[in-house]
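Per-chain residue numbering starts at 1, and chain names A, B, C, D, E and F are given in the order in which the chains are listed.
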Amino acid sequence: QVRSELALANAQELINKINEKCYLKCVPKPGARLENGEQACLSKCMDRYMESWNVVSRAYVARLQRESQGGNL
Amino acid sequence: QVRSELALANAQELINKINEKCYLKCVPKPGARLENGEQACLSKCMDRYMESWNVVSRAYVARLQRESQGGNL
Amino acid sequence: QVRSELALANAQELINKINEKCYLKCVPKPGARLENGEQACLSKCMDRYMESWNVVSRAYVARLQRESQGGNL
Amino acid sequence: MSQPQFSENDQRELAQFLEGEQAKARVQEVVHNMTDTCWDKCVSKVNNKLDRSEEACLANCVDRFLDTSLFIVKRLEDMRSSSM
Amino acid sequence: MSQPQFSENDQRELAQFLEGEQAKARVQEVVHNMTDTCWDKCVSKVNNKLDRSEEACLANCVDRFLDTSLFIVKRLEDMRSSSM
Amino acid sequence: MSQPQFSENDQRELAQFLEGEQAKARVQEVVHNMTDTCWDKCVSKVNNKLDRSEEACLANCVDRFLDTSLFIVKRLEDMRSSSM
(Lines give C-alpha, C1' and ligand atoms only; values in the text may rest on other atoms or scores of the structure.)
Protein backbone atom coordinates (compact mmCIF):
# COMPACT_ATOMS: atom_id res chain seq x y z
CA GLN A 1 0.00 0.00 0.00
CA VAL A 2 2.89 2.33 0.77
CA ARG A 3 4.38 1.26 -2.54
CA SER A 4 1.27 2.12 -4.54
CA GLU A 5 0.97 5.47 -2.77
CA LEU A 6 4.53 6.21 -3.78
CA ALA A 7 3.86 5.24 -7.40
CA LEU A 8 0.76 7.43 -7.34
CA ALA A 9 2.61 10.44 -5.91
CA ASN A 10 5.31 9.97 -8.53
CA ALA A 11 2.78 9.80 -11.40
CA GLN A 12 0.95 12.82 -10.01
CA GLU A 13 4.16 14.87 -9.83
CA LEU A 14 5.08 13.84 -13.39
CA ILE A 15 1.63 14.88 -14.63
CA ASN A 16 1.93 18.25 -12.88
CA LYS A 17 5.36 18.93 -14.39
CA ILE A 18 4.24 17.92 -17.90
CA ASN A 19 1.16 20.08 -17.53
CA GLU A 20 3.26 23.07 -16.48
CA LYS A 21 6.06 22.69 -19.06
CA CYS A 22 4.02 21.59 -22.06
CA TYR A 23 1.12 23.98 -21.54
CA LEU A 24 3.67 26.80 -21.51
CA LYS A 25 5.34 25.52 -24.71
CA CYS A 26 2.34 24.35 -26.72
CA VAL A 27 -0.50 26.73 -25.82
CA PRO A 28 1.02 30.21 -26.01
CA LYS A 29 -2.34 31.92 -26.64
CA PRO A 30 -5.21 29.91 -25.15
CA GLY A 31 -8.27 30.08 -27.45
CA ALA A 32 -11.82 28.76 -27.33
CA ARG A 33 -10.67 25.13 -27.60
CA LEU A 34 -7.49 23.05 -27.74
CA GLU A 35 -6.63 23.19 -31.45
CA ASN A 36 -5.41 20.07 -33.30
CA GLY A 37 -1.95 21.57 -33.64
CA GLU A 38 -1.83 22.24 -29.90
CA GLN A 39 -2.91 18.68 -29.14
CA ALA A 40 -0.23 17.27 -31.46
CA CYS A 41 2.35 19.47 -29.75
CA LEU A 42 1.16 18.33 -26.31
CA SER A 43 1.49 14.67 -27.32
CA LYS A 44 5.04 15.14 -28.58
CA CYS A 45 6.02 17.33 -25.65
CA MET A 46 4.67 14.75 -23.21
CA ASP A 47 6.64 11.96 -24.88
CA ARG A 48 9.84 14.05 -24.88
CA TYR A 49 9.34 14.97 -21.22
CA MET A 50 8.92 11.34 -20.20
CA GLU A 51 11.97 10.35 -22.29
CA SER A 52 13.93 13.12 -20.56
CA TRP A 53 12.74 11.91 -17.16
CA ASN A 54 14.10 8.47 -18.01
CA VAL A 55 17.46 9.81 -19.25
CA VAL A 56 17.85 11.91 -16.11
CA SER A 57 16.79 9.05 -13.88
CA ARG A 58 19.30 6.62 -15.46
CA ALA A 59 22.12 9.18 -15.26
CA TYR A 60 21.34 9.95 -11.63
CA VAL A 61 21.12 6.33 -10.52
CA ALA A 62 24.36 5.50 -12.41
CA ARG A 63 26.07 8.37 -10.63
CA LEU A 64 24.78 7.28 -7.22
CA GLN A 65 26.20 3.81 -7.89
CA ARG A 66 29.58 5.15 -9.01
CA GLU A 67 29.77 7.41 -5.95
CA SER A 68 28.79 4.67 -3.53
CA GLN A 69 31.52 2.40 -4.97
CA GLY A 70 34.16 5.11 -5.21
CA GLY A 71 32.96 6.42 -1.86
CA ASN A 72 33.62 10.09 -2.66
CA LEU A 73 30.12 11.54 -2.38
CA GLN B 1 -12.64 29.64 13.59
CA VAL B 2 -11.53 27.21 10.90
CA ARG B 3 -13.37 29.43 8.45
CA SER B 4 -11.57 32.60 9.50
CA GLU B 5 -8.19 30.80 9.40
CA LEU B 6 -8.96 29.74 5.86
CA ALA B 7 -9.92 33.30 4.87
CA LEU B 8 -6.72 34.55 6.47
CA ALA B 9 -4.53 31.99 4.68
CA ASN B 10 -6.24 32.91 1.42
CA ALA B 11 -5.67 36.66 1.93
CA GLN B 12 -2.06 36.01 2.93
CA GLU B 13 -1.40 33.95 -0.20
CA LEU B 14 -3.02 36.64 -2.35
CA ILE B 15 -0.82 39.33 -0.75
CA ASN B 16 2.31 37.23 -1.33
CA LYS B 17 1.47 36.68 -5.00
CA ILE B 18 0.67 40.36 -5.60
CA ASN B 19 3.88 41.34 -3.84
CA GLU B 20 5.90 38.97 -6.03
CA LYS B 21 4.25 39.77 -9.38
CA CYS B 22 3.76 43.52 -8.95
CA TYR B 23 7.13 44.25 -7.37
CA LEU B 24 8.74 42.55 -10.37
CA LYS B 25 6.63 44.57 -12.82
CA CYS B 26 6.55 47.97 -11.12
CA VAL B 27 9.90 48.33 -9.37
CA PRO B 28 12.50 47.25 -11.95
CA LYS B 29 15.30 49.29 -10.34
CA PRO B 30 14.70 49.77 -6.60
CA GLY B 31 15.84 53.26 -5.51
CA ALA B 32 16.01 55.13 -2.22
CA ARG B 33 12.22 55.25 -1.89
CA LEU B 34 9.06 54.02 -3.62
CA GLU B 35 8.52 56.73 -6.27
CA ASN B 36 5.03 58.09 -7.00
CA GLY B 37 5.05 56.40 -10.40
CA GLU B 38 5.94 53.09 -8.79
CA GLN B 39 3.15 53.48 -6.24
CA ALA B 40 0.63 54.26 -8.98
CA CYS B 41 1.81 51.19 -10.89
CA LEU B 42 1.50 49.03 -7.76
CA SER B 43 -2.08 50.22 -7.17
CA LYS B 44 -3.12 49.41 -10.73
CA CYS B 45 -1.23 46.14 -10.77
CA MET B 46 -2.87 45.09 -7.50
CA ASP B 47 -6.35 45.88 -8.84
CA ARG B 48 -5.67 43.97 -12.06
CA TYR B 49 -4.30 40.98 -10.14
CA MET B 50 -7.39 40.82 -7.93
CA GLU B 51 -9.64 41.18 -10.99
CA SER B 52 -7.71 38.34 -12.63
CA TRP B 53 -8.07 36.21 -9.50
CA ASN B 54 -11.83 36.71 -9.70
CA VAL B 55 -12.01 35.88 -13.43
CA VAL B 56 -9.95 32.72 -12.88
CA SER B 57 -11.99 31.73 -9.84
CA ARG B 58 -15.30 32.14 -11.69
CA ALA B 59 -14.02 30.19 -14.72
CA TYR B 60 -12.70 27.38 -12.52
CA VAL B 61 -15.85 27.05 -10.42
CA ALA B 62 -18.02 27.12 -13.58
CA ARG B 63 -15.89 24.35 -15.06
CA LEU B 64 -16.08 22.25 -11.88
CA GLN B 65 -19.89 22.57 -12.01
CA ARG B 66 -20.06 21.59 -15.70
CA GLU B 67 -17.77 18.60 -15.10
CA SER B 68 -19.71 17.40 -12.06
CA GLN B 69 -22.94 17.53 -14.08
CA GLY B 70 -21.49 15.98 -17.23
CA GLY B 71 -19.52 13.61 -15.04
CA ASN B 72 -16.45 13.47 -17.27
CA LEU B 73 -13.75 14.88 -14.95
CA GLN C 1 20.64 20.63 19.31
CA VAL C 2 17.74 22.67 17.97
CA ARG C 3 20.28 25.41 17.30
CA SER C 4 22.61 23.20 15.27
CA GLU C 5 19.66 21.80 13.29
CA LEU C 6 18.69 25.35 12.43
CA ALA C 7 22.24 26.21 11.33
CA LEU C 8 22.32 23.05 9.23
CA ALA C 9 18.97 23.80 7.58
CA ASN C 10 20.18 27.31 6.85
CA ALA C 11 23.45 26.10 5.28
CA GLN C 12 21.56 23.49 3.27
CA GLU C 13 19.15 26.08 1.91
CA LEU C 14 22.06 28.38 1.02
CA ILE C 15 23.83 25.54 -0.83
CA ASN C 16 20.63 24.73 -2.74
CA LYS C 17 20.14 28.34 -3.81
CA ILE C 18 23.78 28.75 -4.88
CA ASN C 19 23.58 25.50 -6.80
CA GLU C 20 20.44 26.65 -8.60
CA LYS C 21 21.52 30.23 -9.36
CA CYS C 22 25.20 29.61 -10.18
CA TYR C 23 24.70 26.45 -12.20
CA LEU C 24 22.25 28.41 -14.35
CA LYS C 25 24.72 31.30 -14.78
CA CYS C 26 28.04 29.44 -15.09
CA VAL C 27 27.21 26.19 -16.90
CA PRO C 28 24.98 27.20 -19.82
CA LYS C 29 25.92 24.14 -21.90
CA PRO C 30 26.88 21.20 -19.68
CA GLY C 31 29.74 19.22 -21.27
CA ALA C 32 31.71 16.08 -20.38
CA ARG C 33 33.33 17.72 -17.36
CA LEU C 34 33.26 20.97 -15.37
CA GLU C 35 35.73 23.11 -17.35
CA ASN C 36 38.27 25.34 -15.57
CA GLY C 37 36.43 28.45 -16.74
CA GLU C 38 33.18 27.07 -15.34
CA GLN C 39 34.81 26.28 -12.00
CA ALA C 40 36.28 29.78 -11.78
CA CYS C 41 32.84 31.22 -12.54
CA LEU C 42 31.24 29.01 -9.88
CA SER C 43 33.76 30.18 -7.25
CA LYS C 44 33.11 33.85 -8.00
CA CYS C 45 29.36 33.36 -8.25
CA MET C 46 29.32 31.55 -4.91
CA ASP C 47 31.28 34.36 -3.22
CA ARG C 48 28.98 37.01 -4.71
CA TYR C 49 25.87 35.08 -3.65
CA MET C 50 27.10 34.79 -0.08
CA GLU C 51 28.02 38.49 -0.05
CA SER C 52 24.54 39.29 -1.34
CA TRP C 53 23.00 37.08 1.35
CA ASN C 54 24.87 39.12 3.96
CA VAL C 55 23.86 42.48 2.46
CA VAL C 56 20.21 41.38 2.35
CA SER C 57 20.36 39.97 5.85
CA ARG C 58 21.85 43.18 7.29
CA ALA C 59 19.31 45.36 5.47
CA TYR C 60 16.41 43.20 6.63
CA VAL C 61 17.50 43.06 10.27
CA ALA C 62 18.13 46.84 10.27
CA ARG C 63 14.62 47.38 8.91
CA LEU C 64 13.06 45.07 11.50
CA GLN C 65 14.79 47.08 14.22
CA ARG C 66 13.65 50.42 12.79
CA GLU C 67 10.08 49.14 12.48
CA SER C 68 9.99 47.71 16.00
CA GLN C 69 11.20 51.04 17.39
CA GLY C 70 8.98 53.21 15.22
CA GLY C 71 6.21 50.67 15.75
CA ASN C 72 4.70 51.02 12.26
CA LEU C 73 5.13 47.51 10.90
CA MET D 1 -7.14 18.10 30.52
CA SER D 2 -10.55 16.55 29.91
CA GLN D 3 -11.82 16.08 26.38
CA PRO D 4 -15.16 17.69 25.50
CA GLN D 5 -17.91 15.15 24.81
CA PHE D 6 -19.55 15.10 21.39
CA SER D 7 -22.57 13.07 20.37
CA GLU D 8 -22.16 10.93 17.22
CA ASN D 9 -24.41 13.36 15.42
CA ASP D 10 -22.21 16.32 16.37
CA GLN D 11 -19.15 14.39 15.24
CA ARG D 12 -20.65 13.67 11.86
CA GLU D 13 -21.60 17.30 11.32
CA LEU D 14 -18.17 18.44 12.39
CA ALA D 15 -16.52 15.99 9.98
CA GLN D 16 -18.71 17.23 7.12
CA PHE D 17 -17.96 20.85 7.96
CA LEU D 18 -14.21 20.21 8.06
CA GLU D 19 -14.32 18.26 4.79
CA GLY D 20 -16.17 21.12 3.14
CA GLU D 21 -13.59 23.62 4.40
CA GLN D 22 -10.72 21.42 3.14
CA ALA D 23 -12.39 21.23 -0.27
CA LYS D 24 -12.63 25.04 -0.29
CA ALA D 25 -8.97 25.34 0.66
CA ARG D 26 -7.99 23.01 -2.23
CA VAL D 27 -10.09 25.02 -4.71
CA GLN D 28 -8.47 28.25 -3.51
CA GLU D 29 -5.00 26.77 -3.86
CA VAL D 30 -5.75 25.78 -7.46
CA VAL D 31 -7.14 29.26 -8.15
CA HIS D 32 -3.94 30.84 -6.76
CA ASN D 33 -1.74 28.63 -8.97
CA MET D 34 -3.79 29.18 -12.11
CA THR D 35 -3.97 32.95 -11.55
CA ASP D 36 -0.16 32.90 -11.32
CA THR D 37 0.23 30.97 -14.60
CA CYS D 38 -2.50 32.79 -16.53
CA TRP D 39 -1.45 36.26 -15.33
CA ASP D 40 1.97 35.66 -16.91
CA LYS D 41 0.34 34.42 -20.15
CA CYS D 42 -2.42 37.00 -20.50
CA VAL D 43 -1.60 40.29 -18.74
CA SER D 44 1.47 42.11 -20.03
CA LYS D 45 0.86 45.78 -19.17
CA VAL D 46 -1.22 46.99 -16.25
CA ASN D 47 -3.93 49.37 -17.43
CA ASN D 48 -6.91 50.99 -15.75
CA LYS D 49 -9.02 47.93 -16.36
CA LEU D 50 -8.57 44.43 -17.74
CA ASP D 51 -9.49 44.80 -21.40
CA ARG D 52 -11.81 42.33 -23.15
CA SER D 53 -9.06 40.32 -24.76
CA GLU D 54 -7.18 39.93 -21.46
CA GLU D 55 -10.33 38.80 -19.71
CA ALA D 56 -11.14 36.30 -22.48
CA CYS D 57 -7.54 35.09 -22.40
CA LEU D 58 -7.73 34.47 -18.64
CA ALA D 59 -10.96 32.49 -18.85
CA ASN D 60 -9.68 30.48 -21.85
CA CYS D 61 -6.38 29.94 -20.05
CA VAL D 62 -8.20 28.23 -17.18
CA ASP D 63 -10.25 26.00 -19.48
CA ARG D 64 -7.35 25.04 -21.78
CA PHE D 65 -5.13 24.36 -18.75
CA LEU D 66 -7.71 21.93 -17.42
CA ASP D 67 -8.18 20.45 -20.92
CA THR D 68 -4.42 19.91 -21.04
CA SER D 69 -4.54 18.15 -17.71
CA LEU D 70 -7.35 15.84 -18.87
CA PHE D 71 -5.55 15.26 -22.18
CA ILE D 72 -2.37 14.15 -20.39
CA VAL D 73 -4.16 11.85 -17.96
CA LYS D 74 -6.23 10.29 -20.76
CA ARG D 75 -3.13 9.70 -22.90
CA LEU D 76 -1.26 8.12 -19.98
CA GLU D 77 -4.20 5.76 -19.43
CA ASP D 78 -4.30 4.87 -23.14
CA MET D 79 -0.57 4.10 -23.05
CA ARG D 80 -0.96 1.90 -20.01
CA SER D 81 -3.92 -0.06 -21.33
CA SER D 82 -2.28 -0.62 -24.74
CA SER D 83 0.93 -1.85 -23.08
CA MET D 84 -0.95 -4.50 -21.06
CA MET E 1 9.06 4.90 28.34
CA SER E 2 8.88 7.39 31.17
CA GLN E 3 8.67 11.11 30.41
CA PRO E 4 11.38 13.34 31.91
CA GLN E 5 10.04 15.70 34.56
CA PHE E 6 10.37 19.47 34.02
CA SER E 7 9.58 22.15 36.55
CA GLU E 8 7.24 24.91 35.39
CA ASN E 9 10.21 27.22 35.29
CA ASP E 10 12.15 24.87 33.00
CA GLN E 11 9.12 24.57 30.77
CA ARG E 12 8.78 28.33 30.46
CA GLU E 13 12.45 28.74 29.58
CA LEU E 14 12.26 25.93 27.05
CA ALA E 15 9.18 27.50 25.44
CA GLN E 16 10.93 30.88 25.19
CA PHE E 17 14.05 29.27 23.73
CA LEU E 18 12.02 27.39 21.10
CA GLU E 19 10.02 30.48 20.22
CA GLY E 20 13.24 32.45 19.76
CA GLU E 21 14.64 29.73 17.48
CA GLN E 22 11.43 29.66 15.44
CA ALA E 23 11.61 33.43 15.03
CA LYS E 24 15.21 33.07 13.80
CA ALA E 25 14.17 30.36 11.36
CA ARG E 26 11.43 32.63 9.96
CA VAL E 27 13.88 35.52 9.56
CA GLN E 28 16.34 33.26 7.73
CA GLU E 29 13.60 31.98 5.43
CA VAL E 30 12.67 35.56 4.51
CA VAL E 31 16.36 36.39 3.93
CA HIS E 32 16.70 33.38 1.60
CA ASN E 33 13.63 34.42 -0.40
CA MET E 34 14.66 38.06 -0.67
CA THR E 35 18.22 37.17 -1.64
CA ASP E 36 16.74 35.03 -4.42
CA THR E 37 14.52 37.89 -5.71
CA CYS E 38 17.08 40.67 -5.29
CA TRP E 39 19.98 38.67 -6.77
CA ASP E 40 17.97 38.34 -10.00
CA LYS E 41 17.16 42.08 -9.97
CA CYS E 42 20.58 43.45 -8.99
CA VAL E 43 23.43 41.11 -9.94
CA SER E 44 23.83 40.39 -13.63
CA LYS E 45 27.51 39.48 -14.09
CA VAL E 46 29.67 37.89 -11.43
CA ASN E 47 32.81 39.96 -10.84
CA ASN E 48 35.60 39.83 -8.29
CA LYS E 49 33.53 41.85 -5.84
CA LEU E 50 30.01 43.25 -5.60
CA ASP E 51 30.39 46.79 -6.93
CA ARG E 52 28.86 49.79 -5.13
CA SER E 53 25.81 50.03 -7.35
CA GLU E 54 25.02 46.32 -6.93
CA GLU E 55 25.34 46.58 -3.17
CA ALA E 56 23.11 49.68 -3.06
CA CYS E 57 20.61 47.93 -5.34
CA LEU E 58 20.47 44.91 -3.00
CA ALA E 59 19.86 47.01 0.12
CA ASN E 60 17.26 49.16 -1.67
CA CYS E 61 15.66 46.02 -3.08
CA VAL E 62 15.04 44.75 0.46
CA ASP E 63 13.56 48.04 1.66
CA ARG E 64 11.39 48.63 -1.39
CA PHE E 65 10.15 45.01 -1.28
CA LEU E 66 9.03 45.53 2.32
CA ASP E 67 7.55 48.95 1.41
CA THR E 68 5.59 47.20 -1.35
CA SER E 69 4.30 44.67 1.15
CA LEU E 70 3.18 47.41 3.57
CA PHE E 71 1.65 49.37 0.67
CA ILE E 72 -0.44 46.36 -0.42
CA VAL E 73 -1.64 45.54 3.09
CA LYS E 74 -2.54 49.17 3.80
CA ARG E 75 -4.44 49.49 0.53
CA LEU E 76 -6.38 46.28 1.21
CA GLU E 77 -7.36 47.62 4.62
CA ASP E 78 -8.46 50.95 3.10
CA MET E 79 -10.60 49.08 0.56
CA ARG E 80 -12.20 46.99 3.26
CA SER E 81 -12.98 49.89 5.57
CA SER E 82 -14.40 52.03 2.73
CA SER E 83 -16.68 49.16 1.61
CA MET E 84 -18.20 48.76 5.09
CA MET F 1 -9.71 0.22 18.79
CA SER F 2 -7.12 -2.45 19.57
CA GLN F 3 -3.64 -2.18 18.09
CA PRO F 4 -2.38 -5.12 16.01
CA GLN F 5 0.51 -7.02 17.62
CA PHE F 6 3.86 -7.20 15.77
CA SER F 7 6.82 -9.34 16.75
CA GLU F 8 10.18 -7.56 17.01
CA ASN F 9 11.21 -9.26 13.81
CA ASP F 10 8.15 -7.98 11.96
CA GLN F 11 8.84 -4.51 13.27
CA ARG F 12 12.44 -4.56 12.04
CA GLU F 13 11.37 -5.72 8.57
CA LEU F 14 8.66 -3.08 8.45
CA ALA F 15 11.15 -0.37 9.45
CA GLN F 16 13.59 -1.49 6.72
CA PHE F 17 10.82 -1.59 4.15
CA LEU F 18 9.65 1.92 5.05
CA GLU F 19 13.21 3.27 5.01
CA GLY F 20 13.76 1.79 1.54
CA GLU F 21 10.53 3.37 0.30
CA GLN F 22 11.53 6.75 1.74
CA ALA F 23 14.90 6.51 0.00
CA LYS F 24 13.09 5.78 -3.27
CA ALA F 25 10.79 8.76 -2.72
CA ARG F 26 13.83 11.03 -2.16
CA VAL F 27 15.52 9.76 -5.32
CA GLN F 28 12.33 10.36 -7.31
CA GLU F 29 12.01 13.88 -5.94
CA VAL F 30 15.59 14.67 -7.03
CA VAL F 31 14.88 13.19 -10.47
CA HIS F 32 11.78 15.39 -10.82
CA ASN F 33 13.74 18.52 -9.88
CA MET F 34 16.68 17.75 -12.17
CA THR F 35 14.39 16.88 -15.09
CA ASP F 36 12.76 20.28 -14.59
CA THR F 37 16.13 22.13 -14.62
CA CYS F 38 17.73 20.10 -17.42
CA TRP F 39 14.64 20.14 -19.65
CA ASP F 40 14.84 23.96 -19.66
CA LYS F 41 18.57 23.83 -20.43
CA CYS F 42 18.61 21.09 -23.05
CA VAL F 43 15.28 20.76 -24.86
CA SER F 44 14.14 23.80 -26.82
CA LYS F 45 11.85 22.43 -29.54
CA VAL F 46 9.78 19.27 -29.23
CA ASN F 47 10.53 16.91 -32.09
CA ASN F 48 9.55 13.33 -32.86
CA LYS F 49 12.41 12.02 -30.76
CA LEU F 50 15.08 13.42 -28.46
CA ASP F 51 18.08 13.88 -30.76
CA ARG F 52 21.58 12.74 -29.78
CA SER F 53 22.78 16.16 -28.67
CA GLU F 54 19.72 16.69 -26.46
CA GLU F 55 20.16 13.28 -24.86
CA ALA F 56 23.88 13.92 -24.23
CA CYS F 57 23.05 17.36 -22.84
CA LEU F 58 20.53 15.85 -20.40
CA ALA F 59 22.96 13.23 -19.10
CA ASN F 60 25.79 15.79 -18.83
CA CYS F 61 23.41 18.22 -17.15
CA VAL F 62 22.78 15.71 -14.36
CA ASP F 63 26.48 14.98 -13.84
CA ARG F 64 27.61 18.62 -13.98
CA PHE F 65 24.77 19.62 -11.63
CA LEU F 66 25.99 17.07 -9.09
CA ASP F 67 29.62 18.15 -9.70
CA THR F 68 28.54 21.71 -8.98
CA SER F 69 26.92 20.60 -5.76
CA LEU F 70 30.08 18.74 -4.66
CA PHE F 71 32.21 21.73 -5.72
CA ILE F 72 30.18 24.11 -3.56
CA VAL F 73 30.20 21.85 -0.50
CA LYS F 74 33.94 21.23 -0.80
CA ARG F 75 34.68 24.94 -1.16
CA LEU F 76 32.53 25.78 1.87
CA GLU F 77 34.45 23.21 3.90
CA ASP F 78 37.79 24.62 2.71
CA MET F 79 36.67 28.11 3.74
CA ARG F 80 35.60 26.90 7.15
CA SER F 81 38.77 24.93 7.86
CA SER F 82 41.04 27.78 6.67
CA SER F 83 39.18 30.27 8.90
CA MET F 84 39.72 28.16 12.04
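Just so it is clear, contacts are C-beta pairs under 8 Å (C-beta built on N, C-alpha and C of every residue); 3 or more make two chains touch, one makes a residue touch a chain.
To keep track of the chains, here are their UniProt names: D, E, F = Mitochondrial import inner membrane translocase subunit.
Computed from a prediction, not measured in an experiment: that's the story for all the values here.
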Over the chains that touch one another, what is the least number of steps taking chain A to chain D? 1
Note: chains that touch chain C and chain E both are none
Between chain pairs A-F and B-E, which one is joined by a greater number of C-beta pairs in contact? A-F
Can you give the whole-Å distance between the Cα centres of chain A and chain E? 33
Whole-angstrom distance, CA centroid of chain C to CA centroid of chain F, is 21
Taking each chain's centre as the mean of its CA atoms, chain B sits from chain C at a distance in Å of 28
For chain F, what residues touch not just one other chain but two or more? 42, 61, 63
Multi-partner residues of chain A (each touching 2 or more other chains): 22, 26
In what order do you meet the chains if you trace the ring from chain B in the direction of chain E? B, E, C, F, A, D
Contact footprint of chain F on chain C as seen in their complex: 11, 15, 18-20, 22-23, 26-34, 38-39, 42-43, 46
Residue numbers of chain E touching chain C in their complex, please. 17-18, 21, 24-25, 27-32, 34-36, 38-39, 42-43, 46-50, 55, 58-59, 61-63, 66, 70
Residue ranges of chain D touching chain A (in the complex, touch as defined): 37, 41-42, 57, 60-61, 63-65, 67-69, 71-73, 75-76
For the chain C and chain E complex, residues of the former touching the latter: 2-3, 6, 9-10, 13-14, 17, 21-22, 25-26, 41, 44-45, 48-49, 51-53, 55-61, 63-64, 73
